[in-house]
Amino acid sequence: MKEKVIKRVKTVLESPKSDNGILPAESSPLKPYRLAHTSGDEKTVIDVQGLLVGGPQVVIMAGPCSVENEEQITLIAKAVKEAGGTVLRGGAFKPRTGPYDFQGLGKRGLQLLQKAARSTGLRSITEVMDPRDVDLIVEYADILQIGARNMQNYTLLREVGRTKHPVLLKRGMHSTYKEFLLAAEYILTGGNANVMLCERGIRTHVTELRFTLDLNAVPYLQNETHLPIIVDPSHGTGRRDLVPAMSRAAIAAGADGLLIECHIDPDKSISDAEQAISIEALNQLMREINTIAGAIGRTVAT
Amino acid sequence: MKEKVIKRVKTVLESPKSDNGILPAESSPLKPYRLAHTSGDEKTVIDVQGLLVGGPQVVIMAGPCSVENEEQITLIAKAVKEAGGTVLRGGAFKPRTGPYDFQGLGKRGLQLLQKAARSTGLRSITEVMDPRDVDLIVEYADILQIGARNMQNYTLLREVGRTKHPVLLKRGMHSTYKEFLLAAEYILTGGNANVMLCERGIRTHVTELRFTLDLNAVPYLQNETHLPIIVDPSHGTGRRDLVPAMSRAAIAAGADGLLIECHIDPDKSISDAEQAISIEALNQLMREINTIAGAIGRTVAT
Amino acid sequence: MKEKVIKRVKTVLESPKSDNGILPAESSPLKPYRLAHTSGDEKTVIDVQGLLVGGPQVVIMAGPCSVENEEQITLIAKAVKEAGGTVLRGGAFKPRTGPYDFQGLGKRGLQLLQKAARSTGLRSITEVMDPRDVDLIVEYADILQIGARNMQNYTLLREVGRTKHPVLLKRGMHSTYKEFLLAAEYILTGGNANVMLCERGIRTHVTELRFTLDLNAVPYLQNETHLPIIVDPSHGTGRRDLVPAMSRAAIAAGADGLLIECHIDPDKSISDAEQAISIEALNQLMREINTIAGAIGRTVAT
Amino acid sequence: MKEKVIKRVKTVLESPKSDNGILPAESSPLKPYRLAHTSGDEKTVIDVQGLLVGGPQVVIMAGPCSVENEEQITLIAKAVKEAGGTVLRGGAFKPRTGPYDFQGLGKRGLQLLQKAARSTGLRSITEVMDPRDVDLIVEYADILQIGARNMQNYTLLREVGRTKHPVLLKRGMHSTYKEFLLAAEYILTGGNANVMLCERGIRTHVTELRFTLDLNAVPYLQNETHLPIIVDPSHGTGRRDLVPAMSRAAIAAGADGLLIECHIDPDKSISDAEQAISIEALNQLMREINTIAGAIGRTVAT
């Protein structure tokens, strides 16, 4: 299937363009996101250094909100590996609501993340915020993450579209499904077919939670697109006590993977402490995920 | 546990009141919904004519949006029973957005619903909209439903609180969890401890779906209250193609039951046609629910 | 114009009905709210004991959230009259989110409101919550208010539709404009053409304010309906410091009137203390409203 | 006042920093946006080539969504000048939801905008999307606009913070007031005190309008910050028939200026046709704005 999608990307890119490099609107089919759209059961399977995302197996990505220091990321990497996870998350460049909050370790964080991932046999994912950092991050991480606040940062989308590197695109907290798919389309039109979508909670009137994780996105998007769909229950709820139930629910709904914040000492996380789960909770959660995945005929990638 | 709740209700009702019959605010504990609140693992189990809601077993309620005629409700009742459901839903008094829409068969609908439920061994649930109809509906249906639009219709809440009849209270589409629990508190303070909460979708900016089913409500409410939690994926999404995935997710998240719209000929439903599933789909869904319930150590009540 | 609307109501009511008393859907024109709709510049003007609402003059309704005691309502009535208001508001039956909050003085509150209004030459408005109270409240108040939480309480809407008494219908905090107009349509189809619409704030993700007053409703509704449009900046923002600016804005946008909470001692209000303005602030606000009304060619009714 | 703000910016920048160049959190006062905050009546007045924004006069910015060609922008510039506007808007780099939509003329658009503005004596405003374009746009336009989708594009915020050029920061459609002020804080901490805030509509459940213009932001922000507040009723509603009423309301609420889309032939706009008003409508609107401004003791800058 991935070949088909890549071929569609190629065909589109070779068709006549308007002066500003954008394809003429009249070549669009019914759906405005013609590359992201599927009309059948086709699924894109993305190869992340041998780990397949979007296939029969469910993929678990876990790790801290931020890379804080070598000991922290190394210990967490080992714990994620032992729990059965396959991708290590960890922020080096952090998008923080306020300018006085911790902004991440930058390049040093990338190096620590890469080292911890390689030494444990995990793949790695980290966020890119600046279009000028794309090439740097491609060197260090296996998956580029676009954060929710940048879902419609078209400059950044085009820049990651230029690479062939796997991208995890987070849904904007205000966005409709159509806007989410159109943001993916920006990356696809650049020639990069390796796009995963990530539901991570939307803004609603519900004040008790930081965000409202919208699991309806999973079956809705699966009907509309061939791209893999990952769920982030940590940001999606903002509360660690809801993470296990929403993780089980996401897998039961058909998600292709989870992105989970965990920490060796959650209450001491520099950022987002209230949503990180402990290593013990991660181990328990992995057992539950295995059972639910089995109930719907899938397994967890190891 | 139910006895404890009833005792708490009794204790509260016997404590000194202010002139207008309302308990003095100073007797409130930390949570504003002191009867609905739980501080531990206690759960209320509601006995609906021998069917237990809120216990280890998951309860499936299914049926048409509206009772349309005898043949329709009889055929659907048989199909629900065969599929493994235990409660028959069907509207007789319908809250419709516009005054020109079909408003239900009224008392005749209640009679048809009762007959169809009794002849198949199902319990029945139907909506009450008018405080003056409470006694009438208690005669005909095993569970009184309060619709989302009436979640803060305090007159109606007090009136069903007067009875001891099981009540399913739907969450208002704009409400926070606190407001939802405070609405339940109105019924509990009346002396009726048999309250089930039902998540049925909230209003958000997402235009692709009629509502956004908020499954976060399931684990959140389970931490806050001892009352059983039911999920309605039919109204919650407004689209029948999303009902199976969201039903599985609701059970995986820990819901105590589901309320599902089904129809022998969904496209011919007088109301809400686009969200009713077919009998074939209901049978398939019941198999999936059984598997997911098993994966989390529960069974489906039969 | 009011005669035209009444005639339309009459025509509709005399056309053939379906068995359940509801008009056949096929007689509907393009707009689902055919009585509330206007296709031209027609406006309904409602006569409230000689005070015209919906005409060239802007109408100011003010008073406390709740009638608390005779002294309070009498002093406030005098102050409202002196400031230039024409309608006295004051709740006797209060819809409160929690059952332990003050629920109003009931019938005694109605009597005090009526007495205070009559002795100062003001008209009065108060909320009706229970369909069984409609006749009682018609006796005591000049305008029946339907609260936001009851906007889709169809039983109550039909009951006030039975009377010919002026009704102020508040917009539900979750409702679209279409749903608001359809709720008005329920009252109009009952034969009561004296309906005012009231924008009072919607639920959004904005956590800093209790509600988000939606002034877009004013010009939108004026394009769609002939009914008068009132704005409630007190509930709409929940903060007294925003009331003056939003009152000016509402009049500049074209609202036919304002519904304002004021109190002789705002911080001691039994309910909604944080949104009531003082009498001094009301006097200052009336001067500003007069100036803005003048700028758009209107005056304030006295 | 501007000097005071600049001094505060300077003081903050000279205080000790953490390793990653960010100020230590412990130096924060009560408000997380300590530079944007005001505790009194101080107001920042921004000098845009002699035009003062945030002072006693109201500033009108108008023009097309996109610069389409020389004739279009020249004709509109003349019309804006004649109507009494002082700033010409026009997009050269356009943030479009889908990749197949018209993306703007780029540098050629900047040149045409500058030429049209200079030849008519107007200042100019245009959007910057790419941090690498900041210096280019500073050369051509008098005000840099940050679009709503980039409100939390921290890379871009820091880049415009590096310049001293006036910036108009649009509120994200999902953002709270606090998040909006924190985004401004990113620019201020860079040393650029010339920041105007622009309310342009938020995402709500209201489906009839593209966005819900939130005028509550005007008085709320005026209580919290010394920065000027501009309102964009064109994007804020998405409908040209609502622009006049919402413009009047914005000025009555206390806004320091308006940003309005107009076109010589609105229905032929390449982008956002449904929200642009005609030149005739702009002239009529300017008369109304003058009257409302006068009613609250202000005038319109010319």
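A, B, C and D label the chains in the order they appear, each numbered from 1.
To be clear about the criterion, a residue touches a chain if its C-beta (ideal position, glycine included) is under 8 Å from a C-beta of that chain, and two chains touch if they have at least 3 such contacts.
Just so it is clear, the model here is predicted, and its values are computed rather than measured.
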Shared chain contacts [chain A and chain B, defined touch]: C, D
Which of A-D and A-C has more C-beta contact pairs: A-D
Chain of greatest Cα-centre distance to chain D: B
Distance from the mean Cα position of chain C to that of chain A, given in whole angstrom: 48
Chain centre separation (chain A, chain D; CA means) in Å: 33
Sites on chain C at which at least two other chains make contact: 174, 203-205, 207
Of all residues in chain D, those that touch chain C in their complex: 174, 176-178, 202-209, 212-216, 218-220, 222-223, 236-237, 241-242, 244-246, 248-254, 288, 291-292, 294-296
Contact footprint of chain B on chain C as seen in their complex: 20, 22-25, 28, 32-33, 95-106, 129-132, 149-150, 152-156, 172-174, 179, 182, 185-186, 189, 203
Touching residues (chain side chain D, partner chain B) in the complex: 203-205, 207
